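We just call them A, B, C and D in the order they show up, numbering each chain from 1.
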Amino acid sequence: MIDYQKVLSEIMPRCKQSDRKGVVASYIPELANVSIDKFAMHLIDASKNTYAVGEATETFSIQSISKVLTLAQAFAILGSDIWKRVGVEPSGDPFNHLSLLEQENGIPRNPLINAGAIVVADILVSNLKNPKQDFLNFVRSLTDDPGINFNSAVANSEQRTGFRNYATANLLKSFGNLENDVATVLDFYFHQCAIPMSCSQLTKAFYPFMNQGKCLKNKTHLTQTQTKRVNSIMLTCGFYDEAGEFAFEVGLPGKSGVGGGIVALLPGKYCVATWSPGLNAKGNSKLGMEALEKLTTKTGQSIF
Amino acid sequence: MIDYQKVLSEIMPRCKQSDRKGVVASYIPELANVSIDKFAMHLIDASKNTYAVGEATETFSIQSISKVLTLAQAFAILGSDIWKRVGVEPSGDPFNHLSLLEQENGIPRNPLINAGAIVVADILVSNLKNPKQDFLNFVRSLTDDPGINFNSAVANSEQRTGFRNYATANLLKSFGNLENDVATVLDFYFHQCAIPMSCSQLTKAFYPFMNQGKCLKNKTHLTQTQTKRVNSIMLTCGFYDEAGEFAFEVGLPGKSGVGGGIVALLPGKYCVATWSPGLNAKGNSKLGMEALEKLTTKTGQSIF
Amino acid sequence: MIDYQKVLSEIMPRCKQSDRKGVVASYIPELANVSIDKFAMHLIDASKNTYAVGEATETFSIQSISKVLTLAQAFAILGSDIWKRVGVEPSGDPFNHLSLLEQENGIPRNPLINAGAIVVADILVSNLKNPKQDFLNFVRSLTDDPGINFNSAVANSEQRTGFRNYATANLLKSFGNLENDVATVLDFYFHQCAIPMSCSQLTKAFYPFMNQGKCLKNKTHLTQTQTKRVNSIMLTCGFYDEAGEFAFEVGLPGKSGVGGGIVALLPGKYCVATWSPGLNAKGNSKLGMEALEKLTTKTGQSIF
Amino acid sequence: MIDYQKVLSEIMPRCKQSDRKGVVASYIPELANVSIDKFAMHLIDASKNTYAVGEATETFSIQSISKVLTLAQAFAILGSDIWKRVGVEPSGDPFNHLSLLEQENGIPRNPLINAGAIVVADILVSNLKNPKQDFLNFVRSLTDDPGINFNSAVANSEQRTGFRNYATANLLKSFGNLENDVATVLDFYFHQCAIPMSCSQLTKAFYPFMNQGKCLKNKTHLTQTQTKRVNSIMLTCGFYDEAGEFAFEVGLPGKSGVGGGIVALLPGKYCVATWSPGLNAKGNSKLGMEALEKLTTKTGQSIF
């Protein structure tokens, strides 16, 4: 029987004393103003016991972590038809997602790169009655927390400066892989990214992915097969062009965000979230990855 | 002494009887409705004599041919500073101008691919008082023809469907290589392309490029050195990824447009325009290229 | 308690009656002559019970499956220094491994693409006293089967026609990432691929990867951490540009070969091998992948 | 009437006093040992008058300049069938000729990049009785100089270290675009590059390209049409990914070599060669390009 609280308590001080904490994302003011010294871990196990260290109830912008949640909602709605519009292969490319999209005729490699997540957003805009509100409700339902909301200031910042996302959406549109207006889809997309959540909330939101699709309230959000498939996509595609490295060092399905958060999970065992705003060169939380590597090494548990 | 009228009269029937005339561009209705049987050639020599066959005074959409005219105006205004924002190398790439732009940090390869022409449009928007009107006046002045105008229907069609150009402009903006709003720059760009001109008007507009920068009225629009440089760019970059083929088969600097027009010139000797709306697989006028190949072969004249 | 024999017995007839069996590899005669109707599965569980259907003791050319075995041997020798010369990221690229290698200065993306496996071969040539014999002994030791041998006819065929591998090795050499002669390294490489093994032998050879590094005889070949890392590389990189698809459909670490074999494993539970010579468009055994998808679906077990 | 001797005499001192002379190629000792202070220009006009400054009769390794000469010989033998195996488009790519070759199924972009020149070498190996000797005789005949020879030390150096060329030739072979053995073709290729010639000899060798295919002795080596086409290829492809820049700054067809030589020509007017061993970042002679820019600017003559 592993004492997760003891493990987390050993990991935190070793991470916090590191003098190489990465660089806080600076492209929008709301992210740039976060202190690089923030650090949190939160773990929930299969028996719903929770363990925490650091600022585990303080919220931060989940950013790309939201892509797993929109994928789950769209997958639940569309079933496997979703794969007509987006692939399941790692992109393997540090720099040129537009190049790949252009070469591959507007079918994004996977739903966790920006182009793929924009296609998923388009699917939700087409299929939800009140897209933004309905997605927010989905997140609240997963988390069993009605207090979760969009941060409009963050969404608006991205709306003004996210030119590369506009380029991506227009390229998708030129290939016929966007049903709705670019502006409408990106409005949804910028909002989904602009949700503030804490590590504690994130482990709840991702609980279904380690629990065969069922949330803490035992409601089924995804089938067992769908859950397995979302997990496989997280493993192969969840960390940009560092997915192999994360699988190699940590060995868990997971997803990172530019706000410094990472969520990961060991199916049937636990779901864990980390927060440390300093990013490495690939855009993933530097200490978050190190903390998770220590977690799987110390516990001797991983999917491999 | 070459009898150009005789040469043109020999070329036309051989081109017109071809049963492989290419395919008319269909992405906007205004282009799709043009008859594939249209054919014209117009040539003006250094002594200002003119020679014509076919519908040489009927107008068609000049489209990408306009890129040489905006380049000339921007080059005249900015001088060699223009090359800080756009290169002079052939792109060599059939399909992926966005890829190249992404890899090369937002500096387009040359001013005759779309990305480069959008940067040039941005320069004119920044430097002209009334950008669209001032550019139109420049074309009228080159051509000595105040009747030249924009076709708003064509410009509006492109505005509604030119998603790839929106993608390109947003990507340029994300790299900081666009000073003005995407919408403003593309409004200018779609209008510059949407000018209807005839072969007869085009040879006048391009007369300065074969005459060391001086137009028919002897007004200097470009220096001799600038003229030489624009001509070199036309030769290496004027026909998308078929520039080598055009240099190889025809051996003249020139520029094609998706409306089926081509303008080419032999410095010090003549300027020639052709029109045949059927395009080959590379997007250049099929019969236009053949007619120009015959012209340089029959006359034994080319820059090589 | 899952009855694996029953599961395999249900899978085989459904696979064998498929009328879309893929295409047998034809680039060398030794592969082309194998009957497309061959089919086998062999599974060994954590208690060393074995289960089989079809021609499970008939040998076939293991080809790329060997790359995991050379990786294991080199990793055991060099430890993490091996990652200075080869990466751990999926290549994500269907067609252009030379392009990637060129762009990334001669460091192959991962050890399971050809370029990476050639670097691993080079490491073994440098570090083993009698490279080919010592590697063969390693495979015999893993498998506890002294009857395993090279098939020289297959190796020689590849030596005469494997021009792309010569191109790859020379490109590695030009970047300084090959210590030995191209000819020496490729002789080793062509031999490692040209080992005939049966499904029954392959599950034994791969037993350590599901058993924390220890073979059937309980000898430790890799540390627990090394084993986990090799497994993660198999998952993210084991199926060329179909790695995501295999993870998505099957959800096990594994490796395929152009001879029609696949080995996969569920850590702590079982190791399984399939053989069906017909390949899909990506070069992986078509029925082998389907059989493994059925295995994880029917058993409800996978790493996700 | 231009006084070419005066022009050359003005150019040389301005070039020689430059303190940014580029970097001498160092990958083989025979090139590395040449003094960076060498400088020569030699010009021959249509009346066969010659003009020279600097070490115009001192030989240096012509390297890639030879590609134009093998192209001319192969073109004369095969006629336009040569274009089935190699294209005429600029490659536009600084770094990845293997990538392009891979994407374009083994048809090199043009005969002046290494891959294309290796295909041309293969054609000559197939079509000449004694390939190396027959090519040497062709160069001697063009130049009217029986003293021209291979430098075997240079050829042998390349044979030992030219791994990238081996990679290229093997990739061509894998695509079926090499008829002969890799070793045989590269032996020819390394020898064609390893000819020492002086600027004075080079202007003679290239005289036919400015004289409609006829050499100084008035013998026809290429038809007028073939000559025009080789010139167009030199213009669009003669300077690697700096072809546009050379056309833009100089405005003449030409070809450079890593030994520091450049040959260029103004059809009907003159042929000129320069030598300065320091190369710029693109691998072209830095002062050679500057000298030629001055030549066309001072004389006001170029093809544009």
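In this section, a contact is a pair of C-beta atoms (placed from the backbone, for glycine too) under 8 Å apart; a residue touches a chain by one contact, two chains touch by 3 or more.
Just so we're clear, the structure is a prediction, and the values are computed from it rather than from any experiment.
Chain centres here are means of the Cα atoms, and by that rule the chain farthest away from subunit A is D.
Rounded to a whole number, the gap between the C-alpha centres of subunit A and subunit C is 32 angstrom.
Work out the mean CA point of subunit A and of subunit D, and you get 55 Å between them. Here the CA centre of subunit C is 47 Å from the CA centre of subunit D.
Multi-chain contact residues of subunit D, defined as those touching 2 or more other chains: none present.
Every pair of chains in contact is given here: A-B, A-C, B-D, C-D. Against subunit B, the residues of subunit D that register as touching in their complex are 87-93, 109-110, 224-225, 227-229, 231-233, 235-237, 241-245, 247-248, 251, 253, 267, 297, 300, 302-304. Interface of subunit B with subunit A (complex): residues 95-96, 98-99, 102-103, 163-164, 166-168, 170-171, 173-174, 182.
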